[in-house]
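Just dropping this structure here.
In order of appearance the chains are A, B, C, D, E and F, and numbering begins at 1 in each one.
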């Protein structure tokens, strides 16, 4: 039943990290609403195409993020 | 005026099926709000990049969905 | 598994109309993805607080919509 | 045709400010896509119920925002 | 920088639970992108007005959820 | 703190236009909430894959939009 939508810059997270997001958000909702909520918990990880992410007016690119690692 | 946003796993629906979603949601809103609403009804079908769709903690991929047909 | 988010001006639709939206979107996804998708289909009807809906620069209020019936 | 969704903490903006958001986003899209886009530009200003807005782990309430004026 | 949007039926979570969601999502993003991401992590918990939540065609109300506790 | 999500058909806007959207929305929020809001203002420009954009029941494609320039 519960729903969570994570938005991240494209190309910055791999399958394992997306699975991690899905696991953690699903676990969290099961804690909040009980295990009955788990099977229907829908978690979506959207990717935002490069150039479409602005924080404080600065466009944040995948390259900038990877450079910051 | 009305707005509907459908999210589906990337690569699982073709143009005809997206048109079907757009038609049906537009018709539905025209029924609910009257024909006056039709011309401005905005329907968006977002695609979620593979690996970003979790239901009950399981990551649902396009391959799994196509295998299920 | 599928997800649909309908946004409507607050106070313009009652419970029966929201149920109608939920039924039709659920049926549509079952047609597109098969009956296997039906139990997990999540449909959310969001209400947008009056004053927060602009089309072509004009703020559309519940009163205007009800006046247009 | 274009769509913009602004999310703000509930109770922090009045009708005039929402109209300002709608005007500016509509004008912006008309600049980007031409005046042909103006009549169908949909701008939605969602309000997020108090307690539901977290930045850096801190819950930002309408009271805190108004205190900061 | 990262963004997470949780949608829950209105009236089913209190302030402490919303803070829990905000804390956990912020911590998760700090793990994935590094502590540099923490201060700008935006987490929004939207409430969906009763009657607007359908799973598998069934409208899920706050009363049903509270009855299930 | 403030959040704005712009959705546009894929391939219709370039980096400079996305920067323009980010700048204008960030400036607007700084006007509404004060300069204190600027550093945390998150603006996301989503691209909708071709075929997924319907207005009044008509699917609007990037080719149609470019043809209209």
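Here, contacts are C-beta pairs under 8 Å (C-beta built on N, C-alpha and C of every residue); 3 or more make two chains touch, one makes a residue touch a chain.
Per UniProt, the chains are A, B, C, D, E, F = 4-oxalocrotonate tautomerase.
Fair warning: this is a prediction, and the values are worked out from it, not measured in the lab.
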Other chains in touch with both chain E (4-oxalocrotonate tautomerase) and chain F (4-oxalocrotonate tautomerase): A, D
Between chain A (4-oxalocrotonate tautomerase) and chain D (4-oxalocrotonate tautomerase), centroid-to-centroid distance (C-alpha), Å: 23
Separation of mean Cα positions, chain C (4-oxalocrotonate tautomerase) and chain B (4-oxalocrotonate tautomerase) [Å, integer]: 13
Approximate Å spacing (C-alpha centroids) for the pair chain C (4-oxalocrotonate tautomerase), chain D (4-oxalocrotonate tautomerase): 20
Two or more partner chains touched - positions in chain B (4-oxalocrotonate tautomerase): 1, 3, 7, 21, 25, 39-40, 42, 44, 46, 53, 55-56
Interchain contacts (touch definition) - all pairs: A-B, A-C, A-E, A-F, B-C, B-D, B-F, C-D, C-E, D-E, D-F, E-F
Residues of chain F (4-oxalocrotonate tautomerase) touching chain E (4-oxalocrotonate tautomerase) in the complex: 1, 3, 39-40, 42, 44
Interfacial residue positions of chain B (4-oxalocrotonate tautomerase) with respect to chain A (4-oxalocrotonate tautomerase) in the complex: 7, 46, 48-49, 51-57, 59
Chain D (4-oxalocrotonate tautomerase) residues within the chain C (4-oxalocrotonate tautomerase) interface of the complex: 10, 15, 18-19, 21-23, 25-27, 38-47
Chain E (4-oxalocrotonate tautomerase) to chain A (4-oxalocrotonate tautomerase) touching residues, read off their complex: 1-9, 12-13, 17, 20-21, 24-25, 28, 31-34, 36, 40, 53, 55-56, 60, 65, 68-69
